[in-house]
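Next come two complexes built around subunit A: one with subunit B, the other with subunit C.
Up next is the complex of A and B:
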């Protein structure tokens, strides 16, 4: 894949360009997302990784403009969906997109379903809203979707309430609801964080299968590099509201360039150690020293500089720009890469 | 002790069938309160048929008679049959109890929703409600009655208005919690319209605490009606109500205790039954408390 070709040739369905989302708070402006750009290609799974508070979820929620404003302000940039800027859409046109063309899966399946409505009603709700399905057709659709997401006895299960479902089954139901209208884009905001590991794997596999079936493009937001490795073709690494690195997943894992990405990868526990090593000889799990910086006020220099082992004087003065290091591997750092 | 499979099955089966008394055992307050209230309501509704005398017929020859076969609860200072008047008086209490809780709850829900969803309205509405709560409810009701013509409708309004702020507070706090629930956000994320989010997602999740609050309002409304009538600011004297009867009996309490006693017993039992029902409903509807029991 050649990153230098234009996004049109790469057939992007969503293009985010220099998006800035700021929050007005009592003690100043919080730059939660500070000029992020990336493209989502048709049929692709794109991962967005970064630690808590780096702006992943804000980016995702802004795509559907689900963040209440005030306090949020979209300070600049564009979110183009099929070429049209979603930020210029009025509420009416946005509603027509939400759940219909772009839909979302939330992190916590335990609370994302309304306890007083049956699971079937909730799965069919987007279709009832956007396609005006009648009661009977809605129920049939709910049963069909429950079957698709692998819930046994879908006909009986559709009439049950969320408390009768386990966590994994609820997340399956959420996926069924998100895909009920066959959206073009699915934003999954930490879809497996609240689930245990075996269920995680099943849910991820389910999402990938359904993606293949419907041709949906997925934005996978996560802090779990394992999830990225299993599902994503391309990865955007975010830090403090900015994109610090973007690369094909395989390349990112084999040759991470940005010190933050390197830090993230070495902070991931690994099973494979050389055979015969004693417990004491195994390498200690690395951590990234320091804390995520506060996003209040304008950042001077590279936002990662205070925690970076490679930081030099220039890092604290100027913000590095994103540079292409070939193969679509983009990184913003003065001190890493070929040099 | 090890159980045989058959023994376990028989137990499971029993659980599955749920005999009628298992509901009583799990929700005793609900059954007792509900049962008592149903009896009170039936008696009040059947008053025209089971009352032995016309409740407003005066009989000068039969004044202040003690309970007897002809007059079960005796007669009052104007020779009216206390038993018949108690039965008819139950209708007033029933009407007031039900309509006050419906009126106060529905108006309170409307105002509370607005306060919960709009920050601007919130400050204004809640200060207004705080102001209303600062005035003792009985004074507010007496003042309103002084401005309106005495009738059952005006009594209902005068009692409902001081109850509204409490409902508003409850609804507002419920809305503030529910609107932050992920399922509300999820509903917005699929393109649900705002008013539909309110009706389908927010309101149904607030119903259980509202029902419980509604029963307590209705208990307090029954009492309030009696207070107002006792003070002479409530139900007009030509309509028999428990409060009226006690007010009239007060003057002759040393001669005929029964005139105050019987309406008092009925009033107490009715309020008790509604409160028991409310407690039972709360235990049943609020899973957090129910699980603790």
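Up next is the complex of A and C:
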């Protein structure tokens, strides 16, 4: 991937620069996102991985400013979309972007679909708002989108309500709604986490097909490294509100540099389907000791240091800077060698 | 096998009645529809399947937390299903269960020490003895003894699951039924709990029924694996061999659907069409036939039984019927 090498040559559609999102809580400020930067290139699928509370969803929601403020405060940074900083947009300009140029799909399709509107109305809603489609055209669009996402009998299904759909079908409907206006950017926040693996496979395939058709750039937020490996060209690993590593997906999985990334990979049991493997020969899962820190107060040093087997005195005092180790493989760690 | 098995489930069925409609016909959700398996001493049997396949209902049936519609559960040579509640009570000590959501299964008004000690109190262990035992259990599961004075909400998800494990261990059970015990946990924590369960088995000789939807986790922890689909077992066998050479088309599709982090073996994805049918009106014949890429005429009419196809490997599929 040569495109990774020089940032000037990159054709970024979204650039996030030193974004900080804080929450006011009873016992102080929670730094949910603490200075994160990454670019989403045109036509690319970028993965953001991390465990609960690492700030991956907050980052995504902030892109469309979907988090109410208060309690959230955008404490700094910029989110540039086609060069313009979305954080300076007023509500009206944001609305022109949401669901039109940048769309989002969520983990739980049941709670993000409106139970009292038909699925068809919801799929066409963004197009009705942004393109002033009339009733007839809206319905035709809904039927067309339902067909695109592979729902049988789309004409009948368009008039049904979300509760009449199964989980996988609801997720398809949500994807249909998100893509109804052919957005340039799709943010998918754990789009398959609530689904069974066979349905997950269907949904991922669908997303990649639609991406090919529309040239959408996708941000795939997930805790599932397998989903990332399947779908993403590049991956950002987040821990405790910060980016700890970023690399091309293949490289990240073959030579992870950050101890946290290494830990995540070796803590995940891998499905062995090669003949002749024996359970007795399989290594013990590597544990990452301790737990994710609370993000209250200012973090001193590397936030992973308390759980890191490589941590030294310097890690507890200073936060390591992100360093490029070549090929766009970026890591923030004092103690891991070069790629 | 039957003679040495710790647990022997025979043709278990659980039909949940649906509310009666205007007409008098009574419909049922056939959550578990004729499931048989055995569990040996010190063995781990993994039960995998997708939501609604009946794996959790099976777990509850084994523990007699719900009564089966038909079938039997034999434990250590005794049929538990026909036993009176009173006679069953001693068996409760010997089998325990671990749930998916640790927080929901811990009493929010009790301190951690009391939660872990509760089974001991219930079975009349004197307080002096039980206090020492609880301390021992906290050491065993890797929680500090000071934590005994905390409430459940003060623990993280992983620690809460550790408390659940300590409570399950309190009465020194021979078998623990684990119902999705790590699905709600982050991977780094999940690894801690899986390792703990494996260590406990080595040290204490416990047998596990491990119910989960994550195939990699199940393979990692299980000796034998049973694959469930819509209330029935479709394939069982040694975990590694079953995953290396799956025979049932559903098992194959399920395995191929798992995203590979580093693909050890390049395999073609079999994408199943459609959703799992409703267990209220399961399709006739083989339950899997409407989604099966290899369905034949016979599959639509007749349901295949589990048949032995190789050392301990059994499959319910007409493609593999002798």
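By our rule, the second predicted complex is superposed on the first by the 321 of 339 C-alpha atoms of A that agree within 3 Å, B and C clash if a C-alpha of one lies under 4 Å from a C-alpha of the other, contacts with A are read in each partner's own complex, and residues count from 1 in each chain.
The working rule: contacts are C-beta pairs under 8 Å (C-beta built on N, C-alpha and C of every residue); 3 or more make two chains touch, one makes a residue touch a chain.
Here the structure is a predicted model, which is why all the values come from computation and not from measurement.
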When subunit B and subunit C are modelled together on subunit A, clash or fit: fit
First, second, both or neither for A:115, with subunit B first and subunit C second: first
Partner chain in contact with A:66 - subunit B first, subunit C second, else both or neither: first
Touching partner for A:335 - first (subunit B), second (subunit C), both, neither: neither
Touching partner for A:193 - first (subunit B), second (subunit C), both, neither: neither
Partner chain(s) touched by A:129 [first = subunit B, second = subunit C, both, neither]: first
Residue contacts on subunit A - larger count, subunit B or subunit C: C
First, second, both or neither for A:106, with subunit B first and subunit C second: first
Nearest-approach distance, in Å, of subunit C Cα atoms to those of subunit B in the combined model: 5
Residues on subunit A lying within both footprints (that of subunit B and that of subunit C): none
For the subunit C and subunit A complex, residues of the former touching the latter: 50-51, 156, 158-159, 186-192, 194-195, 198, 213-217, 219-220, 222-223, 239-240, 243-245, 253-262, 264-265, 267, 269, 271-272, 274-276
Subunit C-facing residues of subunit A, complex: 51-52, 152, 166-169, 196-202, 204-205, 223-227, 229-230, 253-254, 263-265, 267-279, 282, 284-289, 291-292
Interface residues, subunit A side, partner subunit B - complex: 64, 66, 94-100, 103-104, 106-108, 111-117, 125-126, 129-130, 174, 177
Complex contacts: residues of subunit B adjacent to subunit A: 181-183, 185-193, 200-201, 204-205, 207
